[in-house]
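Both of the next two complexes hold subunit A, though its partner changes from subunit B to subunit C.
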Partner chain A sequence: MIKIENLTFRYRESEEPALHDINLTIPDGTFVGVTGAAGSGKSTLTYALNGIIPHCYPGDFYGSVTVEGKDTCEVNLTDLSCVVGSVCQDIDSQMVASIVEDEVLYGLENFGVPHDEIPARVDQALADMGIADLRDRMIASLSGGQKQKVAIAAILAMNPKVLVLDEPTAELDPASSLSVFRLLERYARQHGTTVVVVEQKIALMAQFADMLVIMEHGGIRYAAAPAEVLAHSDDLLRIGVNCPRVTTLVNRLRADGVYAGPACRNVEEARDAVLEVLA
Partner chain B sequence: MIEFRNVHASYNASVPVLKGVDFTIEDGAFVAFVGTNGAGKSTTMRLIDGLIKPDEGEVLIDGVPTTELRTSELAKRVGFLFQNPDSQICNNTVRDELMFGFKALHEEGPEAEERVAGIIELFGFDPDADPFLLNRGTRQLLALASIVVMAPQVLVLDEPTTGLDFRECEKVMDIVRTLHERGTTVVMVCHDMEIVGDFAEQVIVMNDGRVVDQGPTFEVLRRRETLERASLVPPQMVDLSLTLAAADARLAQAPVGRANTLDEMEAAVRAEAGKGAGVAEGAPVVELAAAPTAASQSRARVIPFPTARDDAAKQAAEQGGR
Partner chain C sequence: MNKFLEYVPGDSLLHRMNPTAKLLAAMVFAIMCFCTSNLVILVAALVIGLVLARSCGMMRQTAGLMKAVAVFSIILAILLVFTTPAGAVLVPLPWGYIGTGSLIAAVTMIIRLEAAAIPLFLVFYVTKMTDMANAAVKNLHVPYKYAFTFMSTVHFIPVFMNDMKAIMEAQTSRGVRFDEGGLANKVRLMVPLCVPLLVSSVRKTNSAAIAAEVRGFNLRTRACGYKEYPFAGADIATLVASVALLVVAIAL
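After this line comes the complex of A and B, so read on.
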């Protein structure tokens, strides 16, 4: 479980806090999608979960963040990274090896995973991400999207209890983005992994996440099931979050009573809503 | 005009990236390239900009092979916005970044200064800011501004909205649209099919180093099977329209089954339901807008900055004056 209580954080060089009075509880195995406008605090929230703040970025930290029973202020980053696997927004800053296989091996070897387990875990992670054919490639020769897949594979190989990913599909094509979200969903459902994804692709998050967290000016504007959050499409647009178009369509029909059902999250739900309207 | 004639290209001769690509892009067009990672889209953009040369075939810009054009000549005609603005930004202040192109072409002077000042005002930049301390969205805007200031005839955009939030994305694309409306040819690689549907007039679908489909935007985006073969899905409203048409044969012939945009779909549903504002039951069906970007064009703004067409007009006026 992740428990954030009264969290306020201000970077040392900033006058305003990047996070302001955050309270959020995330049960084990929950798939959480976080979005918001640039500068709303999304990335800083991920830093709070993986311990980058307060351990790496100095600043004023108030409140507490507990991940799997560990207070992130009281354990060191090494211990925390045994529990929380992170994929950064800037993929190049995360890569430590020059060959894809070595990148996936790095964490396993450094965290003392028994040697006889390592090959199978590397194989599985590469296969899960659909990049087995990149195994021997130089990382410098990969596209941005391919690097993102390698970074996610390296984290998946570690089997962390919590996955924190900051825009993991930014450079991926739609099919690859979809397969990453399906994979993350599988980890949440089958392995009980808690998944926290920061993304601008709200249509994907609406489809897969159990909870959507919408951030605004360092605070949480909404934290609820996707259909509940997406019902507020006008307010979301005001704060710089664009709903999926099928959601906007159905919300417009709901607004004047043409359709009385809930907000929809995807094309299938919109199809059912329209067919009901036309029935 | 940009022409690809049986273009083959590779980074390493043993791994071909483009395997015989043919297409023509007319002056003033707005073309989106779509396809999966590794389909060859970014390589195609680099060939247009002359950053790489074809192994076989020809890439022609205004009838001249890129192999015969000097880099500086190509750079004047074709502005290239990289996927990652950090691949492009190389100066310590915003003003220096915007002046960089003029310096590289030895075209510094009062006119360059004036253009840079105009762009700084238009984009709302702090001219003394350190580009590397700006957030991702602002760095992307700066990278775009540093191209816009040079007024190229062709704007090549490799994933211009990656990593941007909704508002930043709107700002970038508003500027691109205004440039296009004023005559700039826009060639864009984009994974976001909603943006493709909103802005592009034509779409070229690439898969495994080949062009597998091309044509007017919504004609291509409604060919679901072709898109699926290239691991793509249509924009949501097209997807919904096709899904409704598949679910109910009656709807396939109705406006609902032909709607491409949010506004078209809303109007079609209301008309079909007989409950639209001012639409009586039995009223004629809604005529769909012919232009694919009708909805998005309503948000267009006029942005006063130089384009290649302005430059040409100015040059002609000056010559006429002499």
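After this line comes the complex of A and C, so read on.
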């Protein structure tokens, strides 16, 4: 479980806190989508979860963040990394090897995974991300999307209990983004992994996440099930978060009193809502 | 041509050899080139280098290297011709003369640099950088931090070159003319771009350090490496041959 209590963090070089008064509890195995306007504190929230703050970026840290029973301030970054796998925003910087297989091996070697387990772990991670055919490819020759998948596979190979991803589909087209989310969801369900994804693509997150967290000016505006959050589409638009068009459409029907069901997350749910209204 | 120090895949003997053996043999070979002025041995060394390049399908890349080394070594050779009066006088100079010995010294210098560079160049292009670093840790007991530093440095060179290219393209789209006025003008226009490149480099380096740390970099020991790098017969034979060449070069 992840528990954030009264978290406020201000970077040393900044006047304003990047995060303030954050309270959030994420049960084990939950798929969480975090979004918000630029500068709303999304990435800083991921840094709080994987211990990068306060261990790497100095600043004023108040409150507590507990991940799987470990207080992120009290354990060092390496110990925390045994539990939390992180995929950073800058994929090129994250890569340490020149070949895909070596990149996946890196974390396994460092964490001292028994050598007889390593081949199966590498095979599984590559298969989970659908990139088994890229195993011997040079990383420099891969597309941005393929690099993203390699970066995620390298983390999945370590079997983390918590997976924190900062914009993992930033360089992907819609079809590839959908594929990555499907793979992540399937992996999380199979392994009971808690997944926290920061993304701008709210439609995707609404489709896959159990909980949506909407950030605004360093605070949490909403943290609830997607249907509950999407019911506030007008307010979301005001703070810079664009809801899917079908959500806006159904919310208008709700506002006009024509439809009494929940906010919809995708075209199928919107179709059902419209059919219900027409009936 | 591949990017700087980017691995060229292949299945030649040179590709398959132990990375440590390859590196040590290439270094001994380079030292050998600097330990002798015997033109026959140096020409033989150059031929050996070209045969090696041919064996691993790297003739085109090696030709590129030879051109680059030639430019540098010709400058040195010209200096040598004018500053090393030796042998029969060919052209008298106010401070000495250009002699037959000067010309031989200049030619020797060019061949020496070419012969020394080729095996090292080949080793870096036919060996994955990860294997090079891991083998150095396993076989030579080099601390992993140093091996990783070397690996990261090489890894980031093309990344920073891409960044510089992107910055230059951004400047070009805003009207900066890098393609006019020759090399001096290009350098003058590039100097101010070093600041954003430096900022971006520091940021990327910091991100890389964090990314390595969250993947257990600090836990790494010599025993952690998954791949083993045993010495085969060809590796030992290559090392013995390179040392023998060194001994011959010193003796003659």
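Observations on the structure shown:
What we mean here is this: the second predicted complex is superposed on the first by the 279 of 279 C-alpha atoms of A that agree within 3 Å, B and C clash if a C-alpha of one lies under 4 Å from a C-alpha of the other, contacts with A are read in each partner's own complex, and residues count from 1 in each chain.
Here is the rule we go by: a contact is a pair of C-beta atoms (placed from the backbone, for glycine too) under 8 Å apart; a residue touches a chain by one contact, two chains touch by 3 or more.
What you see is a predicted model, and the numbers here were worked out from it, not measured in a lab.
For the composite obtained by overlaying on subunit A, subunit B and subunit C cannot both be accommodated without a clash. Applying the stated contact rule after C-alpha superposition, one finds that A:Ala170 touches subunit B and leaves subunit C untouched. Once chain A of one complex is fitted onto chain A of the other, the partner contacts of A:Phe111 are limited to subunit C, with no touch recorded for subunit B. Residue contacts after overlaying the shared chain place A:Cys56 against subunit C, while subunit B stays out of touching range. By the touch criterion defined above, A:Ala225 lies against neither subunit B nor subunit C after alignment on the C-alpha atoms of chain A.
Once chain A of one complex is fitted onto chain A of the other, the partner contacts of A:Gln94 are limited to subunit C, with no touch recorded for subunit B.
Of the two partner chains placed by superposition, A:Leu183 touches none, neither subunit B nor subunit C. When both complexes are overlaid on chain A, the residue A:Val75 reaches neither subunit B nor subunit C.
Remark: subunit B residues 11, 35-39, 42, 83-84, 135-137, 159, 162-168, 191, 193-194, 231-233, 235-237, 239-240, 243-244, 247-248, 251, 256, 262, 265-266, 269-270, 272-273, 275, 277 touch subunit A in the complex. Contact residues on subunit A toward subunit C in their complex (touch as defined above): 50-52, 56, 77-78, 80-82, 84-86, 88, 90, 92-99, 102, 105-112, 115, 118, 136, 138, 140, 154-155, 158. Listing the residues of subunit A that touch subunit B in their complex gives 36-39, 89, 141, 143-146, 167, 170-177, 200, 203, 240-242, 244-246, 248-249, 252-253, 256, 258, 267-268, 270-271, 274-275, 277-278. Contact residues on subunit C toward subunit A in their complex (touch as defined above): 3, 6-7, 9, 128-130, 148, 151-152, 155, 158-159, 204-205, 207-208, 210-221, 224-227.
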